[in-house]
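Next come two complexes, and both contain chain A; in the first it sits with chain B, in the second with chain C.
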Partner chain A sequence: MSIPLKIISVLAWRNLWRNYRRTSIMLLAIVVGVWAMIFMNALMIGMVDGMVKGGIRNLPGHAQIHHPAYRDDPSVVNNMPAPAGDLLKALGSDGVLGWSARVRVPAVISSERDSRGVILLGVDPVREAGVGFDLSDLVDGRFLEAADDTGLVVGAKLLQRLETRLGKRVVVMSQDPHNNVAERGFRIVGVYSAELDSQEETFIYAGRETVQKMLEMGSAISEVAILGQDYRDLSVWYPALEQAAGSGLEVRDWRELDAFLDTMLGVQDGMALVLIVIIFIALSFGLVNTMVMAVFERIREIGLMQALGMRPSSILYQVLVEAFILLVLGLVLGNLLALLTIAPLESGIDISGIADGAEMFGMSTVLYPALRAGDMVMASVIVMVLGLLSSFLPAWRAAHINPVEAINKI
Partner chain B sequence: MSSVSCKDLSKTFTQGDEIIVGLDQVSINIEEGSFVCLSGPSGSGKTTLLNAIGGLDKPDGGEITIGEQRVDQMRKAELADMRLHNIGFVFQAYNLIPVLTALENVEFVMQVQGRAVAERRPAAMAILEEVGLKGMQDRLPSQLSGGQQQRVAVARAIVSKPTLVLADEPTANLDTKTSAQLMDLFVELNERRRVTFVIATHDPRIMAYCKRLIKMQDGKIVADDLQQPAIAAAG
Partner chain C sequence: MNVTLRLAWRNLWRNRRRTWLTVGAMIFTNLLMIFLISLQLGSYDMMIENSLRAFTGHLQVQRLGYLEEPRLRESFNGAQALAEQLRSRLGVQNVAARAKGFALASSEDRSFGIQILGVEPDYEPRVSSLPGLVKTGSWFSSEAAEEIVLGAVVARNLKVGVGDEITLIGSGRDGSFAAALVTVVGLLESGIPDLDRLVAQMPLRTFQAVFSMPDQAHMLVVELGGLDQVAAALQQAQQLISERPELVALDWDVLQPGLKQAIQTDMASAWFMYAVLIILVSLSVMNTQLMSVLERTREFGTMLALGIRPGRLGRLVMLESLVMSGLGLAIGVCGGAILALYLSQAGFSYPGMEEMGAKFNLPGRIYPAFTLLALFWGPSVLFVGAMLATIYPALKLLRLQPVAAMRAV
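Let's turn to the complex of A and B:
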């Protein structure tokens, strides 16, 4: 006759808490393991997310529409009409958070002290702020106020290179579609900072209509940058956009636009997986070890229970139920600990001191741990399954102890 | 159910290179309601025989029958069920479950049998009182003396009303008075409920309670005598 689960559960629960020292050690091992998995996963995801989001913002967007020749020759000649008709409708579909039509051309900026090659971005500031420019990056002055704003926003590093300052005038020179030099004087109205010095040195922002007028390109633009809800899943809106753009325009997602970023994402995902596997293995060894020790410590007791009439299968269930209770408690506490330790770090962890050169790989020097419910559930399910599997060996050994030998063990 | 029959039981143990004979062609019949003592020096095979009868240790050869059931042919689960429902054990060392209180230890077998608290709690309390441990039910084994622990072990062995009690030196750690009380209890259970007792002992005072005395030496039965119990149950 098998013992009802209720009785086994009562015996298991009682046994766990009478051995509170051993139970506490095992619980601690599980809690630390669960916490480490969730915490490290959150850090890795935060790192990948930061890298991709930073990269996407620099690019910017989850996808871009261009003239088919623009990517090979990003000159003003390879322009496209501003979105209209079906394309405009597709840009307004669900899943598209924002889009920005830009003029983007190579240019030279000159101050009274120096000149630099830059990329001139003619933007509609309202749309751009929702897609490619984070207003919190402004460190001085203001951002553009309208598409016909005649001011210029430059990076802090460029300002330093040009040995100029906010409020001073600079000259921006480029080429118009007729291969004539086009130039215009701009007053610097804003200064921004970026994760990468190269970004601060490269991109300058002016009003789109002002740039269009300067380059004599009418209402034509260089590109449309689109921002969706999730950079990992563009399927909601991307196909419709491709269809609306037709064959006259080229639509590319961020993976195609920035192969380096895509590769780095793959590398980071792989590293995260390796790290998680290592933690899983360490956790499973810890679990097996503590459970085996727990069984051997109780060998007399288990032998006695068998001698008194407890079936081997009941012993096996009892050890498994003890492991299950421990795992449930460990998971609850581990998840809580992860929540408690990650929540205060939501504002970011400054790793600039230990991450010299991280910027080279497009990584931010501020790490934002990303705690996702799905990851917590997955980690919990994996730990539970792994824990029960790990407990099976000691449970099986406990069930097959010879009662006479066990009782006589000192 | 409680008659025990052993036929040509043999059991050897290996200790290093040495082979030790535990049981050597032991044959014995113990009728239902018997009160039997196994005596003999250490290593004579008393404990080995008790373990074999109780299905704790498998003999190398021979047959063991309890009632109509062939113990030597049972699977582990069947042996466990038989011990749970029919046999009460009193081991040489007290062998209580250290994490359970005296009351919980006594209740353990009934709990595993699936009996409700309302049924098992009063029975456990009554038997604890009977073995002189009233008021000590909430103590852990570590908080009890050796004699008290042995009394808890005895209470656990008899509380579920087994038909066969196998006791290995049950009074080894008890004082004379408590030993006598315990043996009185055994005799009373034997006479009133016809519980079969097989008791391994060195103690002549315990042997004096037995109706049958089996002497063992080197794994063999060297004497098997019926006797008039010198000490009858008190009261």
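Let's turn to the complex of A and C:
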């Protein structure tokens, strides 16, 4: 006699609630476990996302084009021509959100009081604003207005170190391609703030043409920084760009430019899986125990059902359906709970209380937990599949008892 | 053996599988926590020691305000004499004076702005791990040699090697023009690009001459045997400088505030996971004990009818949990101890750790800490959790009516 699934489900459902305390406790355990998996994952993704985005802003861009020797020797000598022809066309392709041709050279900035080593960026303000500079970071004055702007935009921290202020003049000293010291006075027209102090102290922005003139480098530039849609997927535009750049230039994506970020991303993906599996193992002991007990206390009943002609397979299904219902309930509630707890946090968790520690990890002071449907599905599928697998043993045992012995058990 | 204990022990083994499943959950969780906590503690120790040895030392004496605004003119007089006093006061040689300045370094075909550290050639190797990383060339030949040691990346960018000369141009403490011609004698290779891009050191005497700040320095750096000696040394240092109100003594926590915060953050987020595991295992214990109480309702009813007090039944169930958690704790800690002891000798590494390590100034292999704290911290919390979880089933016993219980199916 094979029993329809509907009846098996009804039986399983009723069996579950025969001992509502046990079922509730087990359900609570599954809910807590599932919630923790998703919640911790969301925090971790938020953290790594913040690090990668910060790193990409620092580079900046999802990819960069350089003179082949520039990365090893970031000198003005290793420059490249401004993008033209095929390269310019590739930069205009779909998927590229923005690009910026920049002069980027080490320099020394001096005020009347102090001097510092910095990196001088000669940028085209309109293009740069979409790639490496966020206009909302400006805290005082204005950003550059044109590529031939003669003003200078510096970080707030640098301003403090140099003991100077907005509107003052400073001298920027660097080296031209002929190995002569080139220097020029600039008026500070804008001050920006950044997530990390080290950024504010390192980068100063000037008009690209102004810097090219100062360094006598014609229209040459140091690098092109390119920003795409999604940092995880560059395939839309990157290969074409690589081809257009030809062999005379070096094109690198962010994974190659900052190996650490790439490693972090890989470690995070691995960690998410490890986390889910660890929590599941802790959960599975309880699950197996619950199912074993549920079978054990019904052993006479199961024996009787078999004696009446119920097939072992129906009994197997019945126990598995019980576990399935338990898991589905736990997963639905756990996912809901995760959604409810993360939603109010998505606008950002302020972790400025540990700003110095966060800076060591390259993190910003606001953590944005990110709930991704893919992670919720992954956690749910893993819990469901492993959960059914671990319930299989008690179910198998229930299906293969000897009816006569079972009925006679006390 | 006391009767209640014997009863508890036998009760546990009436349903072996259930007991072992519960104990197994505890052993698994305990092993995992011991492994992770000892790994964490081990890496924190290394992180602290490595960063302190590379940069700040355990303790520094500075001019008040230098920490916030590290400017050239915030130096103090009689630095080396004070360093000598501090050495005799602390009874250790690991005290060195340092000065920090900034200059434009120019080789034949490159110029870069670099930060320069003036160090005492005889004492710097005692307080910092950096001098030991000079892989090419040598350390300074004398106290006032016109020499410089550069990080490998700085040297590569300047296109200089050992024996080449570079010019330094900057401004002195009094605002005068500072210039010097120094010979590169050593290249420092730590393998950490950020560090090798940063380092430039010259003898303190030479630094003082170049930056016109005779007999002055910006900090005294003290390296101690371990973190536990910091508090006492800090007190000694404070007494020594009590007559010079312009100076302060600062410990590593103040010098590198990020370090402790990073560690605390990491520990807190790890404990979030441990807490979840402990809750899961505790729920499992609660379930097991609830079942074992419910299935013995008739038996307990009979015992009550025979005159055993409900309180004693409650204690019996608590004792069962205690034995079970004790087993989980004992086996877990023994296994964990073997694991941690082995790893603390052999070290532990996972893919991607080298890159991560390089960023945080850690070696590619971590040696987990083998300490009582690492062994018992997690498991004892789990133990308490399991006992708390048993309160609910035990309380149910107190409300048991003998007659009704004996009739329960």
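By definition in this document, the second predicted complex is superposed on the first by the 339 of 410 C-alpha atoms of A that agree within 3 Å, B and C clash if a C-alpha of one lies under 4 Å from a C-alpha of the other, contacts with A are read in each partner's own complex, and residues count from 1 in each chain.
The rule is short, and it goes like this: a residue touches a chain if its C-beta (ideal position, glycine included) is under 8 Å from a C-beta of that chain, and two chains touch if they have at least 3 such contacts.
Keep in mind the model is a prediction, meaning the values are calculated, not measured.
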{"item": "Partner chain(s) touched by A:S115 [first = chain B, second = chain C, both, neither]", "value": "second"}
{"item": "More chain A residues in contact - chain B or chain C", "value": "C"}
{"item": "First (chain B), second (chain C), both or neither touched by A:G286", "value": "second"}
{"item": "Touched partner set for A:P4, first chain B, second chain C, both or neither", "value": "first"}
{"item": "Which of chain B and chain C A:A156 touches, first, second, both or neither", "value": "neither"}
{"item": "Which superposed partner A:L138 touches (first chain B, second chain C, both, neither)", "value": "neither"}
{"item": "Chain B versus chain C as contact partner of A:R311, first or second or both or neither", "value": "first"}
{"item": "Which of chain B and chain C A:R14 touches, first, second, both or neither", "value": "first"}
{"item": "A:I407 touches, of chain B and chain C: first, second, both or neither?", "value": "first"}
{"item": "Chain A positions touched by chain B in one structure and by chain C in the second", "value": "19"}
{"item": "Contacting residues of chain A [partner chain C, same complex]", "value": "19, 21-22, 25-26, 28-29, 32-33, 36, 40, 43, 72-75, 106-108, 110, 114-118, 160-161, 173-175, 179, 181, 259-260, 263-264, 266-267, 275, 278-279, 281-283, 285-286, 288-290, 292-293, 296-297, 351, 354-362"}
{"item": "Complex interface listing, chain C residues touching chain A", "value": "15, 17-18, 21-22, 24-25, 28-29, 32, 69, 71-72, 102, 104, 106, 108-115, 156-157, 159, 170-171, 257-265, 269, 272-273, 276-277, 279-281, 283-284, 286-288, 290-291, 294-295, 352, 355-356, 358-360"}
{"item": "For the chain A and chain B complex, residues of the former touching the latter", "value": "1, 3-4, 7, 10-11, 14-15, 18-19, 300-301, 304-314, 402-404, 407"}
{"item": "Footprint of chain A on chain B - complex, ascending", "value": "51, 54, 56-57, 76-77, 80-85, 87, 89, 91, 93, 95-100, 104, 108-109, 111-114, 156"}
